[in-house]
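Supplied in structure tokens, the structure appears directly below.
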Amino acid sequence: MDIAGSSAPAPGKHTLLGLHDVSVRYKSRRGSVLALEDFNLQVEPSSFVSVLGPSGCGKSTLVRLVAGLQAPSTGEIRFDGVAARGAREDVGVAFQQSALLPWKTSLENVLLPIRLTGKSVQQALPRAQALLELVGLKDFQDRYPHELSGGMQQRVAVARSLIRDPSILVMDEPFAALDAMTRETMMIELQRIWMQTRPSVLFITHSIQEAVFLSDRVVVMSGRPGKVIEDLPIDLPRPRDVGTLALPRFAELSNHLRDMLGQR
Amino acid sequence: MDNSSTDVPVWMRVVLPVLGIALLLGGWQAVAQWVVADVALLPSPVQVAATLTAWISGGGFTPHVLATLQGTLTGLAIGVSLGVLAGIVVGEVRALDRAVYPMALALQAMPMVAIAPLVIVWFGIGVASKVALVAIGTFFVMFINTVAGMHAAPPALLDMARAFGGNRWRIVLTVKIRSALDYVFSGLEVCAALSFILCVVGEFLAANAGLGFYVRAASFDINAAGMFAAVTVLAVLASLLAWLTRVAHHRLVFWKYRKH
Amino acid sequence: MSTVIQVLRGTAVRVLPLVLLVALWWAVVRGFALPSRLMPAPLEVWDRIYAGLVTQGDLWPHLATTLMTTLGGYALGTVLAIALGSVLAMNRVLELTFYPIVLLIQSVPKVAIAPLVLLWMGFDTRSTIVLVALTCFFPVFVGTFIGVRAAPPVLLDLFRTLNASTFKTYLHCNLPSAAGSIVAGMQVGWGFALVGCVVMEFIMGMGGAGYLIDNSANALDAVTAVAAMVLLGVMGFAGGSILQRARARLVFWEGQVRHG
């Protein structure tokens, strides 16, 4: 059965985020390095897209591009068809390290984006509390990051990335620093949280299990310089839970991806 | 891989510091020449340079420089050697370590310069009190640093040394001293600055010669140019000593400072 | 019951070195039969302190002068150091231009310019305040510079994704994460500040603990001199302790055990 998907979304669908022939070149001491080459990617609204690739394939560069921390050397990034410039309010970011301010409580951390953009913290308070409850940390509002486990810190980071109700959320291997058991729990939790808030998500990972479980589509990247070598739709039913992991289709999709990554 | 967008082009790393120094000298010259216009109060860089050259070629410079160097270096030699020695002994003998080391730490809170007048009462006016002051101050710093350094010997290394049997005392001591080197040299860098400070203070209070004495005397004559000249020489000497100790530190404790 | 014992043990550990120190002091004075004008016995000094602070109170004005001028100069120096350190740490161009100037000025032993400051600012507390500010500037500057620079890159990235201005990033990210380093610099700075104050009081001769030490030593009244030294030590210690506590509270998240 042919399970390889087409490399572009069906025509007629509105594109929220588009990367068009994007290349990124770095100057380093050893000369210049091409991190991404002619990279193309489209993300629709409310769709969960995972990006899988080997180490050093430019996944982090991709995150920095979409988060507005870096400009492409060539090519264009467009949001809603308009060329993007720098960091945007409708993009939420979750880093690999939770990047919480250690001197602020969970609640204050979630409210940080509001505080920095000068909007009313009072007004955003109920939303912040609701988000903390959504990620399962209702009773930990006044705790400081050092009082929380790694998984809990990442949950706060996810809540923070959602505070401004972004249309797209970029997540850079957010569970990489966690132990295996916590990773699996967080993966299932993230699915639940996403079903309730439904931003588009660009999820960078090197875990095939996470990619298949969470996404509507999985984009596979080649090694450096990074390019898209496959765009695989995941047709597993939603909502997904622990039972989904046992479906034969899950194994099929995972194996296909494993082949693509040359891991079998 | 973050392409550091915050770093500046190479040419800036050379031009900007030069620009900074130029601004300093230029600003100083301007203020001295047009704002203060009184060489007795604020000499311009040019005037200081002239005073300095006259001083050097006239020979008036030498006795003071020698006096200060003598006081500083002699005191340093005595204080450092005794301090390190005492530190090794105390660091090695458990009973002494527990009794004496905390005492020394407790004394640290008092500024060492405060003992200067008393030291002068003990040793009289002249070289001896200068040397004593520097020696006491540097002894104290080196003692504390040496003991701390010996404490810092990694236990794993010590266990290994003991396991070799034989002359335990000597081997363990060698391990401890090696580990203490970093602390000892850090202490030495502190002493490089401290020794000049103590010597100058000693010269303020009771000396017949020396750069500190000269600065004090010049202030009575309202001779700011002379003061600036003496201070410049002091700065050069202090920097030289600091640089030498720093180089020695990085050379001898090379394992910490080698760049890979 | 065990907490009481713990507290007692904690206090004992801290007090014991001082007790031993006093005992050693007493033994040396007794054993070498040192005359009071050279080195007084602990009890004499205690009596003098008691008289000076409680009964007659003649030491208070001097203590107050030293404390006030040191605090004033310390506040001035700290504010300037934090300001300059922050600016240079946040802006690479300014850093490259002005850091060399800071290093250059730092190479001059600050005590050496005390007579110069006196010449410029006259025989009053302003001179002391200025010298104290100059003396304590550098450690606080370095602490600030290093701390502000050391803000975790991922946090800086976070602030960039939120489009925060440089100032807001400084205020909400760099500065809080630098707090520990700044206070550490301030701890070193407090010691230096006392040095600056004492030296200026030596040469100004108008009051304060430094004046007291110099004056009494010259009058062969070593008891008062040592009494003043002890009080200076107490000031040094008190400042250091307060700053240590402040540091622990400011950097409360470090060295903590995680729950959950």
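A few notes on this one:
Per-chain residue numbering starts at 1, and chain names A, B and C are given in the order in which the chains are listed.
To be clear about the criterion, contacts are C-beta pairs under 8 Å (C-beta built on N, C-alpha and C of every residue); 3 or more make two chains touch, one makes a residue touch a chain.
The structure displayed is predicted, hence computed values, not measured ones.
Chain C has the Cα centre that lies closest to the mean of all protein Cα atoms in view. Farthest chain from subunit A (centres taken as the mean of C-alpha atoms): B. Taking the mean of the C-alpha atoms as each chain's centre, subunit B and subunit C sit 19 Å apart. Rounded to whole angstrom units, the spacing between the C-alpha centres of subunit A and subunit C is 49.
Rounded to a whole number, the gap between the C-alpha centres of subunit A and subunit B is 54 angstrom. Interface residues of subunit A, counted against subunit C in their complex, comprise 67-69, 86-87, 89, 91, 93, 95-97, 99, 101-103, 112-113, 115-117, 144-149, 152.
Residue ranges on subunit B touching subunit C, taken from their complex, read 2, 6-8, 12-13, 16-17, 19-21, 23-24, 41, 99, 102-103, 105-118, 120-122, 193, 196-197, 200-201, 204-205, 211-212, 215-216, 218-219, 222, 224, 227-228, 230-232, 234-236, 238-239, 242. Against subunit B, the residues of subunit C that register as touching in their complex are 16-18, 20-21, 24, 37-39, 92-93, 96-101, 104, 107-116, 118-120, 153, 191, 194-195, 198-199, 202-203, 209-210, 213-214, 216-218, 220, 222, 225-226, 228-230, 232-234, 236-237, 240. Subunit C meets subunit A in the complex at residues 152, 154-155, 157-164, 168, 172-173, 176-177, 179, 252-254, 256, 258-260.
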